[in-house]
Structure formats: C-alpha cells, structure tokens
Amino acid sequence: MVGAVGLLRPHSVALVRRVLFPLGALIGVALAIVAALSLTEPVEQATLHIGLPDLPMHVRLDNLSRVFLALLGSASAGVSLFAAGYFRKGEGTAPGVLGLQYHLFLASMGFVLVADDAYAFMVAWETMALTSYFLVTAQHGIPEIRSAGFLYLLMAHVGAIAILLSFGILQGGTWLFSFDAMRASTLSTPWATAAFLLALFGFGAKAGLLPLHVWLPEAHPAAPSPVSALMSGVMLKTAIYGVLRVTFDLIGDPLWWWGLIPLGLGLATAIFGVVFAAVQTDMKRLLAYSSVENIGVLFTGIGLAIVFHGVGMTELAALALIAVLYHSLNHAFMKSLLFLGTGAVLHATGERNLGRLGGLIHRMPWAAWLTLVGVLAIAGLPPLNGFVSEWLLLQTFLFSHEVPQPFVNMLLPLGAAIVALAAALAGYVMVKFFGIVFLGQPRESSLAAAHDVGGFEKAGLVWLAIGCVLLGLLPRQVIHSLAAATEQLTGAAPNLAGQSWWLLAPLTERDVSYAPLVLLAVIVAVVVATFLIVRVVYRRPVRLAAPWDCGCGRLDPRMQDTAEGFGQPIRHIFVSFFAMERDLPSPHDLAPRYRVKVSDRLWQGAYLPIADLLQRAANSVAWLQQGRISVYLTYSFITLVVLLAVML
Amino acid sequence: MSTVAWLTQFLEVLAALILAPLFLGWVNACRAWLQNRRAPSVLLPYHGIRKLFHKDAVIAASASPLFRVAPYVVFGAMVAAAAVIPSMGTGLPFRSAADAIALVGLLAIARVFMSLAAMDIGTAFGTLGARRDMMIGFLAEPALLMVIFVASLLSATTALPLIAERLVVQPLALYPSLAFTAVAFTMVLLAENARIPVDNPATHLELTMIHEAMLLEYSARHLALMEWAAALKLFNYACIGFALFVPWGASIGSTGIGAMALSLPALLVKLAVAGLWLALLETVSAKLRVFRAPEFMATAFMFAVLGLLVHLLLGA
Amino acid sequence: MQHTPFDLQLLNACAAILLLLSFAMLAQRRIVALVNLLALQGAMLFIATMLLAWRTGQNHLYVSAALTLGLKVIALPWLLHVLIKRLNVQWDSEPLLNVPGTMLIGLVTVVFSFGLAQPIAELASTATRNSLGIAVAVILLAFITMITRRKAMSQVVGFLSMENGLFFGAMSATYGMPMIVEFGVALDVLVAMLVLGVFFFQIREQFDSLDLHNLESLKEDQ
Amino acid sequence: MEFAVLLLTPLLGALLLAVWGARPRAAEINIALSFGTFLAAVAVTVRVINEGNLTAAHEQFFLDPFNVFLVTLTAFVGLTTSIFSRPYMRIEMEHGRLSHGRLRLYHSMYQLFMTMMLVALTTNNMGLLWVALEAATLSTVLLVTLYRTPASLEAGWKYFILCGVGIAQALFGTILLYFAAEKVLGAEGVSALLWTHLAAVKGELEPTVLGLAFAFLLVGYGTKVGLAPLHNWLPDAHAEGPTPVSAVLSGLLLNVAIYAVVRCKILVEGALQSTLPSKILMIFGLLSVVLSALFLWRQRDIKRLFAYSSIEHMGIIAFAFGMGGAVANFAALLHMTVHSLTKSAIFFTVGHAAQKAGSQRIEDIRGLLSLNPTIGWGLMLGSLAILGFPPFGVFASEFLILTTAMKQEPWATPILLLALGVAFAAIFSRVQSMVLGHSTGKRLPHQPALLPVFAHLALVLLLGLYIPPYLADWYRAAASMIVGN
C-alpha cells in the first residue's frame, strides 16, 4: 500500500501533473480510509526479508500507527491534489524528479509509521529527511534556500544520531533491535531516563522544539508550498509519533517527572513560536513559526500525559493524549491548508513578502475564502477544529492541580494560562496573516494581474477545508476513533458511552460539554434570520463611495498598516524575546526609511558559538600537518618507539 | 427537551436582545450624572439603532463581501453567547452547547471578524483599530480564561450554568480567590467593551480610539448591527460576571417561563447596580495611553493568576 | 666468560663497525662521504654474511651475500655517485638538529634498541643473536638520519642504510629470509633506486635543487 | 588455473601496455584486460564457493573467505575504474596535461598495480605480501607523479619516503615473525612464512617476539592504511595524482593494507593471548576518525576532502576490527566493501567535476546539478552514501559498528558519533555548495563514462537494503575466521 506510492515513477511533466499526483492523492485517501477503518482491529505484524542479515525489517500496524497513517493519508491527499496543479516546468528540479522525490517522501513517512525495528525505522527516518531535503532545495538557485537546506539536513542528522543512541539504550542488553525486544526489556531508571531524553532531543530536533527549532523557519519557506504543507502538516507529526512510540510503547512506564521536561519546553516553544510568528514579514515564515507554536502545544500535551500517566491518573493521561492526537490531526489539515493558500498566492503574484500583498480577496476569492477557513480554525475559534483540541487540552489542564506532588500541582495550572495566551496570540497572528494578504487594498500595482487557483488546486484546498470543518463539527466521532490509540498506549480511554452523537462530553464526573453543531446552528440561524429581517423590513439601497480619508484627499494603499506595523505591539510587549536591529528615521530625514530586523537570540547565543568552536578546534589541529617530511617521519618514529615500548 | 424549555430559551435570548441597549443607556446615563452632566435618555441607544436602520447604507468601493457579512456574524456570535450565558435561568437547553471556554471562543469569533472587517477597506484607521483591538483581545482572553478557571476549580466544572448553580447551593462563604478574580474580571470587562480607561466609547478622536476606529467605515444597518452587538457584548459580560460572582436570583435548574419571569427583577437589579458601578469606575479613572493598555491587561492577568494560586493554597 | 670463537669475534666486530658507521652517517654532512659510508656499511654486511655462510654452511646465505655485494656495495653506491655528479649536489646544508644533539638522541636510541633486543636475543638460537640489537639500532639510527636531513639525496641514503639494518637483522636473527623473499626484497630495493633516480631528475628540473624545503607546500596549516 | 589467469592477465597486460600503452586503442585494451581479470576473479570466487578454501603453487597462494571477496571487489573496482579512466584520460590529453609517453606509463603501471594488489591479497607468504605491497607502492608512486607538476612531485616524494620507511619497518616485523615461526615450524624456512601454517600454530608462537613484530608491522602497514598519525602522505597523494589513481588508492590500496594489518593481528593475538593489539587498533582507529573529522573542516581542495574522508572511514574500519567479535568484524568487512565502492564512485564524479571546472578548488566548482545532472546527482548521492545516510550500505555497516560499540566500548560511542556528525557538517556543506546552485563550467570534449558511478551506487544501495544470503554467509565465515576460531 505504502510501497505503491513509492513505486510511482516520473515520465513526463504532463504525466506527473495529470496522473501521478492525483494517483498519489487517491492512494492517500485509500490509505486514510483503510487505516481509519482498521482502527479497532488487532495488531498486525510482518517481517520483510530485507535489511541486515541478522535483523530483517519488521513492520507493525497498531492503533497508534493507524491513527498517524490516517493523518498522513488524508492530509497528503489534499496536498497531492493541490500539487497536481501546482508544480510547473522551469522551477528548479525537473517536475519528473520532483514527483519521484515527493512520493518517496510520502512513502518514507508511511514507512516510519509502520517500522517495527530500529534499523527499519532509521532507514525510513533518514530517507524521509533526505527526500524532504531534496524537495526543500528544489529551487536551489537561491543561496538562502541552499543554506536553509543544509541547516535542515544537519539538524535532522544530529537528531537521527540522538535517536540511534536512544535505541541503543532501549534494547537494554538484549542486543536485539526489534521494537518487540525493546518492549520486553526493562531498563533501570537512569538508563530509561537517558533513553527518553535522547529520544526527546532527537525527535524534538525534527519537530522544531525549542531550542532545536532554528532550521524550521528557514526550511519551510524555502520549500515549494505543497512540500512546506507536507513538512509542516505531516512530517512534524512523525516526530510526535516517535516521541509517543518511544515513551509510551517502547519504554512503557514513563516516570511522572519526565513529563515536566516536554511540558516546560513545549510551553516555551509555544510562546516563542507564536511571538515570532507575530513579527514576521514573510508569509511562509509566519506560518512556519506558527507551526513551531503548535508543536509546542503538542509537546505540552505530551508532557501532561506523561505526568498523569506517571502518577497513575490514566484516564486523564488518555484525555491529554487524545488532545495531542486530535491537535496533530487538526494541525495537519489547518497548516496544510494555509501553506497551500500561500502557495496559491505565491503563484498568482510571485510575492512572499507581506509588505507587497493585499486585497487579494477580490482577485482570488476561492483561495481567500478557503484560506479563511484555515485561519479561523488555527486561530482556535469554535466551531472549527482548532478549538476542539485546545478545549480538550485546557480541560485536562484543569485537573492538573490534583497531581499529588507539591509545587507541581501549583505550577501546572499556570501552564493553562500560557496555553491560553498562546492561543489568543495565534488569533492575533492569523488576523495579521489573512488581513494583510487578502484584505485591504493591493500594496503593489502588479497584484491586479493575480489569478485565482485552478481546478486541481481548488480541489485540494476544498478537501482540506472540509476536513477542518468536519473535524470541528464531529468531535465525538473523531475522539471515539482516537480512543483506540490511547487505549493501546495508556490502557485507558475517555468514556463516551451513552451520549448523543452531536455532543462532546469526555469528562463524566464533571458534566462539561461542547456541541459545535448546535453553536453553528445558532449562529447560522441568527445570521440568516437577521439578514432576512433586515432585507424584508428595510429595503434601502446601498451606495458605493470612496472610504473616509479624514479629508486629506487622497488615500493610498501605503497608508495601510504594514506587516511590521501590525507586529509592532508584540515587539513592544515581548521585546526581550528578540534580537532587534532597528534604524529609525530622524525627524529631518528627507527620504525617511524605517527598517527593523528581528532575529533569534538563540542563533547568536547557541549555534554560532558551536560552529566557531569547531572551526577553532580544526585550526588548532592544523599545525600537526605542516608539510615537512621530517616532521612526518618523526611522527612515524615516535609512534614506532611508543608502540615498541607498549608491546615490551 | 420540552417545547417550553425551548420557548424559555428563546425568550431569554429575546430579553437579552432587548435589555442590552437599555443597559448601555443606563451606564451612559449614570456616567453623565456622576460627571454632573444632563443625562441623555436611557433609551437613547434604541433611538440610535432605529435611526441607523432607516438610513441607506454607504459602503466603501473597495469593500469585499467579507465586509458586509461581518456585522451579521458578529451579531450572531453575540446572540449565541447570550443564549449560552445563564442570565436568568440555568436550566435552559443550550447549557450543554458550550461551556465557558467555548463562550470565550464565541467572543473571540466576534472580535476576529470585526478586526478582519476593519482591515478590509484598507484605510489607515481600520487597520490601526484592528491591531489595537487584537492587542487588547489577546491580553484579555487569557485573563478571562484564568478567571473562569478559578471559578471552575471552585465548582469543579467549566460549564457556566453549573458554576452558577454550585455557587448558589454552597453555603455563603468568603472566597478570597474569587475576590481577586472579580477584580481581574472587572478590568477585562472594561477593556473588552472599549470603556475607559482602555478606550473611550464617546470619542472619535482618531489617534486614541480603538473600537470606533474599526467601525469607521460602517453605516446604516451594518453599523446598527455592530452597535447592537457591542451593547449585547457589554450585557453578556455583565451576565457572565453575575454567573461567576453573584448568581443569586437566577432561577436554578427549572425551565419554566414563570421561574424565568421571577428571576427577571433580580437580573434588573443586578444590572442597575453593575451599571452604576461601571459608570463610577469609568468616572474615577482616566484614559490610559494605548501603550499603557498592555500593562493594564497584564495587571488583570496577574490578579487572575493570584486568585488561582490563592485558591490552590487555601483551597477556597 | 666463555671463549668465543674467532669468526664470531669477527662477526661481532662487523656488527660494531656497522653501528659505528651508522653514527658516522648520522654526523656526516657531505653527501659523497655519506654515500661512501653507505658503501662501507654494505661491505661490512657482505663480510658478515660471508662469515656466517661459511660458519653455518647454509648455501642460500652465499647467494644473499652475493646479492649484497652486487647491490649494496657496487650498484647502488655507484648509481648514487652518478646521480650526485649529474645533479652536482655535493653538500648537505646544516642538518635540522646540530650534531651533538643528534648524537645524544642516537645514544638514547641505541640503549633503547639494545633493551628491545634483549628478550629476543635470549630466545635466539643463532650464534649471532647478540647482534640483533645492533640491527635494530642501525634501523632506528637510519630513521633519525632521515629525519634530520634536508636534502632529498641524503634522505635516500638514510633509507638505504635502514635497508642494510634490515638485512643485518634478518641475517643475525634467522640466517636470512627464504630465498623468494630475499629476491623480492632485493628487486624492490633496486627498483626503488631506479624510481628515485627518475625522481631526482624530475625534482631537479622542477625546483633546480634537491632541497627538501621546496617540498613543503602541501600542508594543512596555511 | 583461474589463479594463473587471475594473476598473469594483469601482469602480461602491464608488459603489453608498456609497449602499446599509447596506441589509440590502449584504453580499450586496458578495459579488456581488467575485464579478463574480473572474469578470472569471478571464476575463482565460484570455485571457492563450491569447493571451499584452495591453495596453489606449493601453497604460496591461497584463497579463504577473507580474501576471496576482496579479490572480487578489487577486480571489479579495477574494471570500473578502467572504464572510467578511458574518457577521463582522453580529456586530460585534450587538455594537454598528458603526453603519449605518460599515457603509456599510466596504462602499464595501472595493470602492474592491479597485479600487485591481487598478489598481495592472494599470497599465502607474509614475505611475498610485503614484496607485493612495496611493489604496489612503487607503481603508484609513478602514477601519482604522472603530471610532473611541482605539487605532484612533492606528493609523490612524500608518498615514497613515508611509505618506504614504513614498509621497511613492516619488513623487520616480518623478519621477527619469521624468527618466531622458525622455532615452531622448523628452520627449513619455506613454510615458516606461510600464513596458513602460521595461523595453525599461532598459539605456540613466542609472545614477546610477536608483540614487537606487531609493533613494526602495524607501523609499516598502518602507514599505508593511513592511520593517524601516519596518514600524512595520503591526502597529498590522493589530491595530486590523476583521479583514477585516487580512486584505486582509496578504493583498493587502503583495503589491501588493512587486510594485511588484520592478517598480522590474527597471528599476534593468537600468540599473545591478550587483546592488546585490538586495543591499539581501536585507539588508532578512533584517533584517525577524530583527527580527520577536524581536518575536514579546513579543506579547500575537493580531492583532499574525500581523501580525509577515506582516512576517517579507515579509522572506522580499524576501530571495528579492533573491537573484534563476529558482528564487528562482519560490519568491518561490509564497511570495507561499501566504502571502496562508494569512495571510488565519488572520485569518478569528482574527477569529471574538476575537469569541468578546470580546477580542484572547491570554490571553483559550482552548480554541477544544472551543468551536468548525472555528475551532480552522482556526487550528491555518493557523498550522502559515504556520510552514512540510509538506505545506502554505509549506513548498514555503521549501524552495526555503532551498536556493537555501544555494547562493547560504550566510552567510544559518543566520540565516534560526534566525529561522524562533525564530518557530516564539513563534507556536506562543501558538497552542497558544489552540486547545487548556478554553474560556470564548460562542456567536456568527451562524454564522461558515468556507468561505473551508478553501478557502484546501485550496489551500495542494494547492500543497504538487502544483503544476499551467500554474501552474508561469506562475510560471516570471514568474520568468524578473524575472530580466530
């Protein structure tokens, strides 16, 4: 099934566009459906007779894999549809090769999810990194894209090394690297902790967890939009999958205090990501940082789940995991939708800089309105899907004061505050994003030529938008299927028995409930009613006029708020987050220019020093090799003498 | 659910729709008295809305459909909120439709759409207003959530009607945590409803205005809906406050029209007091510079968090 | 102490002279003289081999003696002399380390190699076992010679004297290697010399001197 | 019979090409000869598979699982390299860097080198092993200095002196070995240097002597392996010689040298009854990995870059052999195979890349992908393979080595991983800058032969995903033999 995706081979551009990508989409749908339907079935295992002679590749299909396979399939289906219309000739890598890489990427992600031994997992994992790297550098003519690609692959590789080490610990002296062996082996606390931390590091590097996030805002904008969509929407989730797999499945019984680490990092990441998203001026970087934020939220949930599981409150752990899985699913749809939206804008205008966009809702209504769905969803507004998972997460947080640990039960509820803050900021970010790209007046005259999306692209966007809506409106059904996975991981699942299908009430002891359908119904009803009443009662003409210009006479688009301007309050409030360099025009400036460059403190703080250290180490060993043959002979001589002395 | 219940629900929403402008008028009147001005009629808001519905609409040429849809959506969201909030009775059908968190979400919908509409025309003031309003919003929302959390920790639920019920049935006691959160809530209310000290509903001085700046391009029926929605928002906040802090008087559990009618006077009294209290606050405090607003909201947030900690510490 | 037969005394004398010659090479700076010393070493080796062959009556030793004579005493020195004339490189410049210092290091090396040879010598059944240490010493001294020289030519001479040390070692330890190996080694040495000859001319035509400091451009610390 | 063909084909070839080497068809002859050698190798291999170990010429030559696969590998790489060198050398001629005489020298020396490699691999006689390696050195010295540029001369000189001196130590080691063996196997010294006999009695060999012998042998052959700090000749020789030579140096000579080291280690460890030699080997390996990883950061010359990467991988292999044990040896053998395949493939692409850019400096080589996609992809995939990215075979062997290291030498694992990470950053940043981006190169007068590149990479890919059972058994047999039981 997954292999079939990988087997697709590119022939010609037309073929790639008309056949391969839609085919990929179909396979994606099939994958999603099969995975979703098989959710309650027992675990299936198989051994492929490839790989190392002593370690044939194992594959395993359990509920956790199924959930993520469903995510992969459904989200990638939409992206593939869009891609069918998106890729064109003459953009970096040839479309044929691009198609091959694209589908290999999908296939490797699928294989990551089913791999059941360390070797197979690592092969799939690195293949995923590799193919995505090639996709990122598809337009490798641009230096930024090249450096972004390098940074990405480097981080991926470092992460992979950590994961490998973690597996090396996990096998726990059995030296069998199949996951079954790891499940069976029991580790002493320090080793288990080490394995957990290494896994957290490795997968965190892939997910973009603070402080390993630096590659993400570089790589995602660099890639072609469908690829950014896949990376942000799906690939990051494989990291979540990895953490869950290692923590709850392979290690099995995490200690409660482990959870505090991902919890803390997650919260930091969430705030960090959203604050940086708010000050971006490049629409894809903005979305990338928003992905960082969502990753933070996900890790927060994971941490919460670990804490609850560790102290034995398994139902709550299950609930937190549900929130995590649900949010992964949501984010896959929302973020893919948004990235595809930017892709449409990019193709229509060739612009990524928010400062040169605007007013596109007139030129490209389809893209605009469909993107609006994603915007509202990711801003966490009911009745769309983004809200449901945040609601679940907050609900879980409300129990955290019951954790029987001093201080922790005081600190955890504050996490809820941070999550709330992040969610609210996400709203701010999304208003900025949509408002500046699609609303207002075009900031450039060239935008007048923008054209709306084509058929395939439209289909892809619609698919994802529908996904967002349905996930938002039918939470009970979704949770019901996700429960299968939490059942497997924590041995508990929220009790949904005996509740009406339109109502979501996962917590039995406190009858909290949420019925998105009803909300939607009310709002729609009121809107329609008022609309009709207004129409019927007061039939007054509507005059079009120039907007109010405060009497200054001429209103021009440059008077609108720029992206920088819209981010100004955030820069003002969270000033300590940024390394800012600004040059403000003096009052007497004839041609005043305002420029602000916001960059990441961590970059100067952590990464550059490391590179510097390496370079200095390299320089310091260089004198060993100064080209003089007598020196080299001396080395041999000394080596010989020393060896003889040792051997004697 | 019985048809009676649905009818009651409908009536409650209707009551909210009717009372909201009145409450707004009442607050303004009180303010005028306190500032010893001659008070305008309490019914002035009704007149305003009626008048606006009678004008023909003028819409900027560069407006997109979103601009026209927004007022309806905002209004709808507010009405939905009103339906969820147990202003008079806690036993109504919609109690299960949304809990307090979802309620905050509903309010957020209104805010987001209003801001988007403001940015749609592409004038300097629209975007300026939108930006400032979102800034206030993202600071106010967590504060409000924290307030709700404290209440929910007290009553072990986040469903607003249940919070109210459980507060009522509990023996009357002093909750220091609630005191803190009440302060926080008041500050949030002021900020969210564009009152002094954060914003001045009476001004049209461009550089300081927030809420008005967003409505600058609206006219006639759209403006009317927006104004009405704003009034409704104030009313909703007041009712949330009642549910959280002074739930007494609201009819508990029952769904009968009679019970609802009985709880109406209580609501009116509470509204009157609240209005007076609001007006007083607005009179004694001075308008803040916009850059000071974050500090104001941060204080509110801090109060809410303090309330939370106090609760966790004292269990009360 | 028991009386050692005369031929053995001779052998030991040869060994001692070999060592002496190595020291002389370590100190010697004139290339021509260096080559002569090398030839002398070869001669000593030849004598020693002959004595040993005569004593043990192993015929293959005669062959290797002949090889030594032909190669190390006649062919190579002659070749080197020709090269020296052709390329007229008479003098080596000052060695990298001054003579006394070199001598000191040499002494330490000798002590070390004797100590090294001790255990082996005890196991050896051959009459010449004691000279094994000298062989090691010769090798290491040649090593030092190569290290301290600045001219390509003198490095080669050092290399060859190392080869001598090897032969002497092989002989004194085991009465020489199997024939096939000996031939192979001899062939290699000869070829090596020819290659070197070619080399010298190439280097010469490139840098018009055989000074090694021309050959220090490929390096890491630049 | 096959033996004779195997060894004589290239030898005669050397003589033949010494005469004809400049004829227009010389390159094809070269290919034909290499192909013949390859066929002979395959035939021998088949025989070994069917009949097990075999010896020839009064036991002077022998084949066991350890060297037979190296023989095949050597013959194969020799063949592909000859295919590659045909257009390469023609282009060099066009660029006027070669004269006919030199071309003749090249062809004949190439064949001679192949002969010596095969002799060194198949000989049973430790003395002959030494002779063959020395001869290989001499032939490659001439190849390294083929261009007669100052740099190439310097490289050749260093190569000659360092390896010559080193190999001299190896000879003394061999002498000591013989000395010890003679006591056991009797003075009738024919059999006393035969590895099979030595291995049979290694337990009885005199420990102290073998200890010292090992010191000399390790310094000697280790110099050729390029173990730090004896590696200094290696980057120069790789960088300055013609690329086909760099390819065979990295792909074959280093393998053969480490093969020799391992043969000696087996004997010595058998005699010492201690793991000291293994420890020493591990330390050398680790040192090489770390040093080369650091040196990689300073490289400006593309061929030096990959030369250092060869040092790094030799270090890994040495480390693996040092760890010992069935798995580690298995991994080491696998790594030898995939490394020589990958590295030679890389050098093929590098050669053409340098020809296109007209320079070996990394900053002069740009945008290969847009200039010539096959070369670009070849270099990119090759480097990724050598950097240990799955699904290529290098990852398989490194995975095994690392996991074994975690098991047996936990202290070394972080060092290894760190060094690998550093090396990755260093190499990949440079490769990327060469492969991607816009290009300034020119067309080549002849179409490069990239079949070998992708043949090698395909093999490596295969080994990463699926190791054929008979190959696996083969490795296992060799590994268990190295373990020594």
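Each chain carries a letter (A, B, C and D) given by its place in the written order, and its residues are counted from 1.
Here is the rule we go by: a residue touches a chain if its C-beta (ideal position, glycine included) is under 8 Å from a C-beta of that chain, and two chains touch if they have at least 3 such contacts.
Just so we're clear, the structure is a prediction, and the values are computed from it rather than from any experiment.
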Set of chains whose contacts include both chain D and chain B: A
Most distant chain from chain D by Cα centroid: B
Result of counting contacting C-beta pairs for A-C and A-B, higher pair: A-B
Centre distance in Å when chain A and chain B are each reduced to the mean of their C-alpha atoms: 35
Separation of chain A from chain C, taking each centre as the mean of its C-alpha atoms, in whole Å: 70
Chain centre separation in whole Å, for chain C relative to chain B (CA means): 102
Chain C-chain D separation of Cα centroids, rounded to whole Å: 31
Where chain B touches two or more other chains, by residue: none
Sites on chain C at which at least two other chains make contact: 116, 119, 143, 146, 155, 215-218, 220
Residue list for chain A, restricted to those that touch at least two other chains: 619, 622, 624-625, 629, 633, 636, 640, 644, 648
Interchain contacts (touch definition) - all pairs: A-B, A-C, A-D, C-D
Complex contact set, residues of chain A against chain C: 619, 622-630, 633-634, 636-637, 640-641, 644, 648
Chain A residues within the chain D interface of the complex: 49-54, 119, 122-123, 126-127, 130, 137, 140-141, 143, 146, 149-150, 153-154, 157-158, 161, 164-165, 168-169, 171, 175, 177, 614-615, 617-619, 621-622, 624-625, 629, 632-633, 635-636, 639-640, 643-644, 646-648
Residues of chain D defined as touching chain A within the complex: 157-158, 161-162, 165-166, 169, 208, 211-212, 214-216, 218-219, 223, 229-230, 232-233, 276, 280, 291, 294-298, 327, 369-370, 384, 387, 389-391, 395-396, 399-400, 402-403, 406-407, 413, 417, 420-422, 424-425, 428-429, 432-433, 436-438, 464-467, 469, 472, 476
Touching residues (chain side chain A, partner chain B) in the complex: 358-359, 361-362, 372, 376, 379-382, 387, 391, 394-395, 398, 401, 409-410, 413-414, 416-417, 420-421, 423-425, 427-428, 430-432, 434-436, 439-441, 503, 505, 510-515, 518-519, 522-527, 530-531, 534, 537-538, 540-550, 555, 557, 559-561, 565-566, 568-569, 572-573
Residues of chain C that touch chain D when the two form their complex: 116, 119-120, 123-125, 136, 139, 143, 146, 152, 155, 159, 162-163, 166, 169-170, 173-175, 177-178, 180-181, 184-185, 187-188, 191-192, 195-196, 198-199, 202-203, 206-207, 214-218, 220
